[in-house]
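Chain nomenclature is as follows: A, B, C, D and E, assigned in order of appearance, with residue numbering initiated at 1 for each chain independently.
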Amino acid sequence: MAATAGKGFAARWGVHIAVLLIVIVWTIPTLGILVSSLRDRDQIAVSGWWTALTTSAQTGQGRTEGADAQVEQNGRFVIAGNLLEEDDARVIRSFGTRIQNPTEHEAGTAADLGDGVTLQVNEDGSYEQSSPTAFEGNRGQRIFFEAATPPRFTTENYRTVLFSEGIGRSFINSLTVTIPATIIPILIAAFAAYALAWMKFPGRAILIAVVIGLLVVPLQMSLIPLLKLYNGVGTFFGVPAKTYLGIWLAHTGFGLPFAIYLLRSYIAGLPREIMESARIDGASDFEIFVKIVLPLSFPVLASFAIFQFLWVWNDLLVAMVFLGSGSNQLVLTGKLNALLGSRGGDWEILTTSAFITIIVPLIVFFSLQRYFVRGLLAGSVKGG
Amino acid sequence: MTGQIISALLTVVLGVSGCVAYFWGANRLLDLIFPSHGVQGSAAIDNLRRQGLIRPWLFLGPALIILTIYLVYPVIETARLSFMDRGGQNFVGTANYQWAIGDREFRQAIFNNFLWLAVVPAACTFFGLVIAVLTDRIWWGNIAKMFIFMPLAISFVGASVIWKFIYEYRGVGQTQIGVLNAIVQSFGGDPQVWISIPFWNNFFLMVILIWIQTGFAMVILSAALRGIPDETIEAATIDGANGFQIFWKIMVPQIWGTIAVVWTTITILVLKVFDIVLTMTNGQWNSQVLANLMFDWMFRGGGDFGRGAAIAIVIMLAVIPIMIWNIRNATRETGGH
Amino acid sequence: MADLLLKDVRKAYGNLEILHGINLDIKSGEFIVFVGPSGCGKSTLLRTIAGLEDITDGRLEIAGDLVNDVPPSKRGIAMVFQSYALYPHMTVYDNMAFGMKIAKASKAEIDERVKQAAEILQLTKYLDRLPKALSGGQRQRVAIGRAICRNPKVFLFDEPLSNLDAALRVATRIEIAKLKESMPETTMIYVTHDQVEAMTLADRIVVLKDGYVEQVGSPMELYCHPGNLFVAQFIGSPSMNILPATIERAGSPTAVRLAGGTVAHVPTATPKDAEGSAISFGVRPEDLSIATDADGGVLFEGRIDYLEQLGEVQLLYVDVGRNGEPLVAKLPGSTPIERGSTIRLTADVGNLHIFDGEGRSFARERLATAA
Amino acid sequence: MADLLLKDVRKAYGNLEILHGINLDIKSGEFIVFVGPSGCGKSTLLRTIAGLEDITDGRLEIAGDLVNDVPPSKRGIAMVFQSYALYPHMTVYDNMAFGMKIAKASKAEIDERVKQAAEILQLTKYLDRLPKALSGGQRQRVAIGRAICRNPKVFLFDEPLSNLDAALRVATRIEIAKLKESMPETTMIYVTHDQVEAMTLADRIVVLKDGYVEQVGSPMELYCHPGNLFVAQFIGSPSMNILPATIERAGSPTAVRLAGGTVAHVPTATPKDAEGSAISFGVRPEDLSIATDADGGVLFEGRIDYLEQLGEVQLLYVDVGRNGEPLVAKLPGSTPIERGSTIRLTADVGNLHIFDGEGRSFARERLATAA
Amino acid sequence: QLKFAPGEGDQFTWSDYETLQQTDLSGQTLTVFGPWRGPDEDLVQSILEYFREATGATVNYSSSENYEQQIVIDTQAGSPPNIAILPQPGLIQDLASKGLLTPLGDETEAWVAQNYGAGESWVDLGTYKDENGEDQFFAFPYKADVKSLVWYSPDNFEDAGYEIPETMEELLALQDQIVADGGVPWCIGLGSGGATGWPATDWVEDIMLRIHEPSVYDQWTTNEIPFNDPQVVEALEIFASIATNNDYVDGGAAAVAATDFRDSPKGLFDIPPKCYMHHQASFIPSFFPEGTELGTDADFFYFPPYAEKDLGRPVLGAGTLAMITSDSEASRAFIEFLKMPLTHELWMAQSGFVTPHKGVNPDAYANDELRRQGEILAEATTFRFDGSDLMPGRIGAGSFWTGMVELVGGKPAEQVATEIQQSWDAIK
């Protein structure tokens, strides 16, 4: 079908444009996170993230040096210096000495501050203040200015996050939790889904109903009874209650209803003749499942794998409860979370961690995408 | 570090292979106990019949056990707690439910939940479907999909930060750092405190969930779309159907089962979702929803398990119609089997 | 040993009964062909035998054992599905090897048998392809290959050659015949629409109609002595011409008066009480020939309405005044005939058929005793 | 007006070229039949014409317009797919009505046309069913019904009758012929494996092989004057007997010496330089007859190896010493013949064919000028 | 790695360290669960390090974004940490009443009464009803926050010529003065995600302590007087008169609820300034723009009392309380550790730590600001713990918050108070 002969101009470009529009709308918030993760906290809170991409006018303030920096020139006392740091890329447009009016004077002009005192601030930040009388005090004049600020980004946030202590360990912890917690439910659910779709036994309809019903069980409700159970089992066998096995099973449990539900609906839709044909070829249910159903269910297995991976990867609560919150057991999300201050204002860290955690799921998404093959069933049956 | 990697690898391999070993071994064992190969005539057939009785349960076994422990047992526990007092120690009859019915916030939450249920699943499924279809046939479709998928992968906290910065409000005339208000202001409008406008704020919160969950719908639906036999689409093209007609009349009906799955899943998710409400408004400005209310009663300030459990049970009861609808679907599908 | 016994087998989908009590006794090693109009239940019957459909009622025995509840894999069958039912994710090779792999055959044996089947079916070039990259006929051949690679007690073929071209069809048909010959113990049940296949392959043909068995018999039996109107018309192509007639004189031979007034003397015995009753008179197109003057018995005379040249033969549609329904005659392609001209046709009396008011053949008593 | 012009049309899947430059000029209102061995590219060619496959190279014109890039829906075609391609979620009625609904036909008109098509195809009972509850033949009929409900400029049929029983097949074939007659302007392109269909329906037959056009011509032309060995063997069933021979004397008639030593005088002109060259000699089974003593020219003599009774005719497989490859003869069913006996066969010299070393007919020059 | 080498620096009471070394806990594990994360976690770890070093115990500290939820789950499920440190008395009450806490004993109770400034109020704070309804001392206060602070920019005050108000009357006058000068007096931001509204509760509590006797405050937090008592409504109205006055708050009343509490102090430092004052607890400097120097660029003053009411210098504060959730030798030793002045001094010497412990050396404070906060705490005639924390969670971390949002949204104080009272009634 991919080869169907030509389409009109509208059809050919319309789709591209429509998709592009949707993608843009969808990406704006994500882009916001990305940009924010490259800014420092102060910027995040004072200007919209989209302004970070362009040169913007921002106000700043500085102070002239104290009286001890003054030199006497031609009978006037002069203090000279620079408001900006050496490598500051800002260009000063205007300045003022009263905070209420920071743009009173244009850069490069001399402002009369009264009593014969003049102040000139140039675009590059250099200033010269001169006065007929000697300056006093070691706190200089406050100068406010408006400067054109070129886009400023920092990778500092990423460095903070990526090089924080123990991040490697929590990354491995996360993988240790996530990989089995993705594969185990797939296996268990696929078998169950096959049984619910293609095997005959009493109570099948009821089981399907139960599975759907269990979809809705709020995770929070299960935590306490389960942890109690774990502790009970732990003390009974004299083993720690919080183990990897425990968290795998927990994630498996929470992911199963959806997995069974999704897989069953797909597996039930496979052409019946193929299954029958295998049956006639002498295959047992187990063989049919492994050799026919599994390969043909790749698209749906892949999509479930993507989600389960994602949920487990981004999960914090279950990991904290069933694995523990000590620094040795911390999963990546937990670790990143621990980087945030107690009052959670560290948006730059939040956005940065959001971007760091996104990478692995995206890789998973991309690598599983190719199992979304078209026409997997093509050529198998005629009619229908 | 390497030591840790090795032990992690070992754990992973052990965990996964244990699971594989169960299924393989259990089936093998069944074949050994009731052999059907190499046994003559009716014995083989009898054994086969026995196998047929047992095998479904081998397949279902682990799932059932895990579901029972991890979900059924907690549900029963929850149901029990919903008749208990706040500490879960004393039986209080239906007091918790009576309280709920009389509670203004609870009724508010029910109303809002209906709004959510009406909008979010439909919107997610619709957008997901449209995107899945559109991206399916262009060369950069996978990349486009990745962008739609991204919100799902961004941790929830990350997402909530950015939506904060979308709805952020600064006083009239100030520089807006929220995209929405910046746009409104640039068109000469007055900035709004979006999330505090009662009733409408529900929709602003819904947008977030739609933004996140569309990727979910998209992924599942694109897997399903790929399964549609191309021939039927070709036949429709030849019958003169245009893109829209093919979409609505040929593709959608054929993946109807999957659409139902996506719809159901998102509906249930909507019933369960509380983090959006929690982080954005915590139910203030009339934006409460059941799940957040439940969470609130369960864990806030020590919690009241009784009431939390009662709300949880209400949430679960809300799923019953969806359950019935799904079972109907399932039996219709399998009717021919 | 693979006798098959069907006793009053019924199959219903919901309330809709498709098979209404089928009785068949198939001997081990027989080659049985099911024919019947589209939708009469051939595939259903085959699927029932395979165990793919539950039997709603009745008994199915294979080799003496009741197998109503035996799963397909234990019935020792191989089947070619009408809709192919290929494994879409496996190559042609794997599709054919699957059954043997399941049966744990050795690699070498699998390879040999697959290669051999591929050779026969001219699939060798395509062994590495997936079904979706095959043409319709190639897919069908894979489906056949899959069945013949295995070594079952019973073969079930559901229209296995429908998508093949004539040459391949003949070749494959002959291969199937050979296969049968090489496995004298194996029972084959074959559904087809092709008369030639049915006639050449079958030991016995089962004619089905609307879920009932109409007649069972050897090909020639069905051709020469159809038990009823339906079978008479169904077997043979173009089908037998049926004309209304009345029995002028019963007995043996029977004198039959055709609508046109001609009287034919059919060497079939009729009971006395049938005299004067309205009957159907049948004659096959190929049994008709041009009446030479020498021939006394001109049966029909009419204008040639339409003429189809098929090369070796030609089909004549002759208007004999049956409300526009033409009489069909099949004459050698070489006979010089012109459309529009009038023609006189006759037939050997031995090839004339008569059926009573309910469509049953008057010769059926004899058939019944012969069966 | 729906002339179709294919100019050097090529189609490749990846590196695999399936169609190697097809040239065809189809006149508006013609009935064209594609025949060819399984996998030769018939479906592919049809799909290319429909616009379902991109043309890799070449030009496709419909009614004078280049349509290489015109989408299928704009080409004014209806198509019956080899694999049916029914809409699984629609009832039979909706399947058939879909095209018209799309075209915004009135309810009444849709209803009328669907009902009428269902009547013709004997589907009336099944209008409310979903495809999955139909038999194979019923599904195929729905696919046909879907096409004939519409009113296209070009009809494309891909083996539309392969799953139908003989009677229905004839009936449907006649319906298609009638349909064609009622729409003289409509072009029909039809893929089939059935000789009878090809011969009876076609204005012209296109013989394809491995993605090349072998010969195009009217049915009788192909039958009587096959352009090459392939066509000669492909058209006609059982296929033409081909035997090695040498030209003893070129000219007209040509004297040909068969392997057995017999000399036949074939009334085909051969060039002088062909004298002494090894050629192929062909004779159709149905052109063979038992040599009476009166006949001078006994062509073959041999033992009857195998005998197939088809009712009206019988097929004889005669061992004439060609390394076990038998000569096939088709004789009237009534001729009394016994397996194992020796038989002498002859044929009318007008029905003998000779082909040069490359398999081309010696008569082809005449054909070429005639075309 | 110990932050300050034992024995070095005489601002530390190093003798405590030697005492601590007497306790040998090697081989024992102590799990501590606390609210501190990020930079705060580094601080608490630096303190725990001394405990590890001296006793040989393994100390695992953990925290979580959902720590309130987590502690409930862990204790309920029977796998609690040894020590839980929590800032919410309401939550502690809950744990205590379910019998999940171990009493610290009379001795510790007496120790707090003796050694902490305003000791009795701290003892009250640590005393909760156990599952039998009996009062027990469960929670040991460690680390306090001073809430009665107003932050401002000295430069801006100087430029505008404003004086630090010494009384509430002066503060209210200053407010009008600023408006008259074309400025905006206050930045108020109540936004805090799920906890939106809480900064307003601090305002109301501070006002309560300034218009009524402390006993009224206590009656209020225990609901002995209803929430909609006129005395409470009065406090709400005073707050509303500021927060809903478009002239008084940056961005106008609408912005109050919408602005995040972490963003709102930034208005102090904008050019031109968006506001001149910001009422917030001692932790807020972490949200000041980077490079803001305390003392020069930003400073605080005590939220003054009404001169006419003569209620002394009330101070509103908060703090974290340590409890034994799983008793062990190490847990006990840890509580002893918390009693040591050294444990307080070590944190004081870093940042963000104020303590009512009278035995600590004030020299240990890392800077003047902390020291001044410590002084405010020490000079307090009345110290009251954050009222919303004292109230049951459903109120203090629920309807009180939402009520405040509604209040600034323009709902009459009377009605807001009545609704909060109703929700309180609902959980009785």
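Keep this in mind: a contact is a pair of C-beta atoms (placed from the backbone, for glycine too) under 8 Å apart; a residue touches a chain by one contact, two chains touch by 3 or more.
Here the structure is a predicted model, which is why all the values come from computation and not from measurement.
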Query: From chain B, what is the lowest number of touch steps before chain C is reached?
result: 1
Field: Comparison of A-E and B-D by number of C-beta pairs in contact, larger one
entry: A-E
- line: Closest to the centroid of all CA atoms, by its own CA mean, is chain B
- request: Calculate how many whole Å lie between the centre of chain A and the centre of chain E, each centre taken as the average of the chain's C-alpha atoms.
  value: 32
- request: Go ahead and note the Å separation of the Cα centroids belonging to chain A and chain D.
  value: 64
- request: Starting from the mean Cα coordinates of chain B and chain D, work out the distance between those two points in Å.
  value: 57
Query: So what's the Cα centroid distance for chain A and chain C, whole Å?
result: 68
Contacts with 2+ other chains: residues of chain D: 51-52, 71-72, 82-84, 86, 88, 132-134, 136
Statement: Note: chain E residues in touch with at least two other chains are 65, 69, 72, 193, 260
Message: Where in chain B do residues touch at least two different other chains?
response: 52, 157, 229, 234, 237, 298-299, 336
Contacting residues of chain A [partner chain E, same complex]: 40-42, 45-46, 59-61, 98-102, 142, 144, 220, 223-228, 230-232, 241-242, 316-317, 320-321, 324-327, 334, 337-346, 349
Query: Which residues of chain A touch chain C in the complex?
result: 271, 273-274, 276-284, 287, 291-292, 295-296, 375-384
Message: Looking at the complex, which residues from chain B come into contact with chain D?
response: 229, 231-232, 234-242, 245, 249-250, 253-254, 256, 336
Statement: In their shared complex, chain B is touched by residues of chain E numbered 65, 68-69, 72, 88, 90-91, 93-95, 97-98, 193-197, 250-252, 254-255, 257-260, 274, 392-394, 396-398, 401-402, 405-406, 409, 426-427
Query: What residues of chain B sit close enough to touch chain C in their complex?
result: 36, 41-42, 44-45, 48-49, 52
